[in-house]
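Encoded as structure tokens, here's the structure I'll be asking about.
First chain written, first letter: the chains are A, B and C, and each begins at residue 1.
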Amino acid sequence: MKTLVLMEHDGSALRSGNGAAIGFARELSDDVCGFLLGEDLDAMNCEAAKFAPVITVDDPALADPVADRWAQVIAEVARARGAERIVATSTTWAKDIVTRAAGLLGGAMASDVIGHEVIDGELRLRRPMFAGAVHATLTLEGLPQIITVCASAYEAPEPAATPFAIEPVVANVTELPGSTQLEEVEGKVGARPDVTEARIVVSGGRAFNTSQDFEQLVGGLADTLDAATGSSRALVDAGIVPNSLQVGQTGKVVAPELYLALGISGAVQHLAGMKNSRVIAAINQDPDAPIFEFSDFGLAGDVYEEVPRLIAELNGS
Amino acid sequence: MKILVPCKRVPDPDQKLRLNAEATDVDSTALTYILNPFDAIAVEEALCIRETTHPDAEIIAVSVAPAEGEDDLRTALAMGADRALLVEHDAQLDSWNVARLLAAVVEREQPALVIMGKQAVDDDANQTGQFLAVQLGWSQATFASQVEFTETGLRVHRETDLGIEIIHVSLPAVVTADLRLNEPRYASLPSILKAKKKPTEYTTAEELGVKPEPRVRLLSMELVHSQRNCEMVTSARELILKLRETEVIKG
Amino acid sequence: MIENSSDVVVIGGGVAGLSTAMQLARRGVSVTVLEREQIGNGSTGRAAGLLGQLRGTAEHTRMLMDGVKIVQELEEQAGAEIYVQTGSVRVAETAEREKEIADLVEMGRSIDFDIAPMATDELAKRMPYMRTDDVAAACWCPTDGHLQPAELAAAYHKVGRDHGVRYETSCPVTGVLLDGSKARGVETPRGEFYAPILVNAAGPWSHLVAGLTGTTLPTAALGHVYLTTQPDPDHPVDRLSPGFRNRHHRIYGRAENGGLLVGIYAEECAEYDMETLPPDFDMSAMKARRDDFHLAMLIHAAQQRFPWINERTPMHVTTGIMTFSPDGLPFCGQLPDHEGLFYCSGFSGHGIVQSPVIGVIMSELILGNRSTYDIASIEADRYWGVPGFQERDEIEQRCHKMQGSYYGRLEGKSADSKTDTA
């Protein structure tokens, strides 16, 4: 199947997750082509061409990744090229723009795909539902198929020895919708990610005695991992951390890829706030602490000793 | 101004789930259903718009659901929506077809704004709003964390991987609500009592002139179990190694 | 030693079962606790944790005073601070309620319980976030307080474990093994567990567990709701603010996490048919709908005493299931139909506060068949064979009515002598 891989960028560089989309596309077809749109794409096109032939629409009218304009161009090019499958990595960009494009192309879309198989020529896709409690297997009816994949589910291919061709394509950029304008993007500078959305949460409990200790150890480890910080209620009660960090039944419910529970005993009310995390690792002085029953990995030890070691290990590599 | 708020009936996401015998859906016996939390946020936003800038706004809650969907529309009414519309439909529908039904409702009701949750917490698809916008030929403002009215339309803060993106869209538009858009209210006693007198209309796909054409065929489901067997390590270094193996930490 | 055999099997890993197991183990008894889901994740995990020692009778009040002492001992044994002694107040708006408070002050003083009237301006000073202009009288119990139920459960669990208690989770009891009318053990999906003594501490499921032996236990599973406001700089609630009870508005509460926790014993509450819930039902996943009627009633009632609370107030809502009895008192002890089957349930919203002393009472009953406390009012067989307390629908009606009148009825000298107070 003729496959177009929509490659996301932030205006200056390709986003690292694109590799998964190419990897997935290649598993199903030899006819895979990357597609970049935007403005001033030369460097990014060259980067993309290391992995697949690239078609590109480079025009000032597409300077901003605005959904109604980009989706229209994507749909037009997809139709013109006879693409039967369109793939992207699942990100907020894909959910916004690629989904709109999918709508323009008939709506046969599956997002957040984490696995697949081909049975009797039928492509069966696996995707999470119910916040990951269920995996659903589905097929798409009609063409083109629009599929977004989870970045962690597929391997990016190695760059080719010789780069592939880059082909500028023509698209109608003069009659694009003008009802949406981008004002600005307020990048997150300095502030840690929000505990409810971070991929990794480093959470501290009773074991930490002061705000300074929390910031140095829990905060320090979080910064090494680009993670958010969280806490159990004990620290909030003691006034050591603000209420907004509390993870638990009466605090925030989180489900990150990795939840690091440091000096947290694992009371049921705390567990209620993080038990759906993909991987849970805990450090606690008491080897019988309940938290270990709900963790994938555990280290019995003093957080004041172990957390600095973790930070040193991560920084060393 | 009319504001249409699509509402989805979903199983409470925090419950333990079981699958039906055919493993094609969750077992709905003994499941508690609620108004999709993201749609509750959308209802709240419509209410805030009425309370601040558009006191004459009429807020219509619409749901594509089996008959029990009335419960969740009643929740929207109790929160403050003015009337409700149930598009009665029993079978599973993919986002594309839900969008088609909603588009038909929009044609009927002619709202200036559609606000809905960015995703439903059962299928987590995050597609219906975008498909609806396309079918209507309207702008979309997805994952909104702040919505303001301007002279030309809406100024919307959107939560994206790269940070907060601020866009301007003209009306009519479809806005999909993200978690931090607002904190939905509970219904007060007077509001619950008032809601009993608010009208709920009923219609069907047939009446709306839409024949569902599936784009997605769900073959089966599988439960992902949450038991954990803790592997105890003996050092910080070993912990990092193990975490790298699971790929939650790069390196 | 046969595998899976112990002196006692406790059914239910909430505070009632855990406290009983701990007290038995401390007395050298081998105990296995079988919990259908996770330790402390039933009613215990949803409870508000207020420890109010004052009850309608001197005997009950004394029991709860001992309970606080047991918690303090537990703190030492478990090496954790659990009890937060904030003191508590009761407020009265009407002449009847004023009399109620005066009676309770008198009764408390007669048994050396630390209680005194509190002037309204003192009340206003201690609790500036409370409306006091309509308060006719108040009393102050400085030794009252609260704790986090999860921490109490963890302490029972730890001390129990230190004394050899075995805990099995994800282990619902599906059958009771009998030798004629003598208890022999239980059946679970994980095999059989043998003991000549079984303790039914199964909370809302207690009557179903009793049903496994064809026994009628007059308990019912009723819903409860409380709210916890987010900290509000305009209405600061100091973490050591007193707990409160305002029976006229049917509300109670305390400081929690920088905000105010307010719960209600309204005239109406939700009813639960535990049989329709799966055995691994996760009570911690329960939540209130946006248009929950009982929540709306709670908010309305809370607003009468705390005018700044309304449906828009940022808050967390906790719903859960309690085990009520027709008189609001628990069932402790054996029933005439079997030997070795002990009941320990029906705490009617006061499981946390009663659990420390109930563990002692249960261990006394199990080991010596009598208690050092006057337990006439909480005997398990008090409704045995009594007409009107045998059919399920009758039982549910009576329990529902008790919940509805829990705060509604008057205490003190005007109280019905058979009933107790919150």
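Here is the rule we go by: contacts are C-beta pairs under 8 Å (C-beta built on N, C-alpha and C of every residue); 3 or more make two chains touch, one makes a residue touch a chain.
Small disclaimer: the values here were computed from a predicted structure and weren't measured.
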By C-alpha centroid distance to the whole-protein centroid, which chain wins? B
Going by the contact definition up top, give me the pair of chains with the most C-beta pairs touching. A-B
So the centre of each chain is just the mean of its C-alpha atoms; given that, what is the distance between subunit B and subunit C in Å? 38
Could you give the separation in Å between the centres of subunit A and subunit C, each centre being the mean of its C-alpha atoms? 45
Distance between the CA centroids of subunit A and subunit B (whole Å) is 21
In subunit B, residues with contacts to at least two other chains: 14
Please set out, as single numbers or ranges, the residues of subunit C touching at least two other chains. 285
Residue numbers of subunit A touching subunit C in their complex, please. 233, 236-237, 243, 246, 249-250, 265, 267-269, 271-272, 288, 290
Subunit C contacts subunit A in the complex at 38-41, 45, 148, 150-151, 153-154, 157-158, 161, 228, 230-231, 239, 256-258, 284-285, 316, 318
Subunit C contact footprint on subunit B (complex, rising order): 12, 14-16, 18, 30, 34-35, 40, 74-75, 78-79, 183-189, 191-192, 195
Subunit B contact footprint on subunit C (complex, rising order): 276-278, 280-282, 285, 287-293, 295-297, 299-300, 310-312, 314, 317
Complex interface listing, subunit A residues touching subunit B: 10, 66-68, 71, 91-93, 95-96, 99-100, 102-104, 106-112, 124, 128-142, 152, 177, 179-188, 196-197, 199-200, 225, 253, 257-258, 275-276, 278-283, 287, 292-301, 306-307, 309-310, 313-314, 317
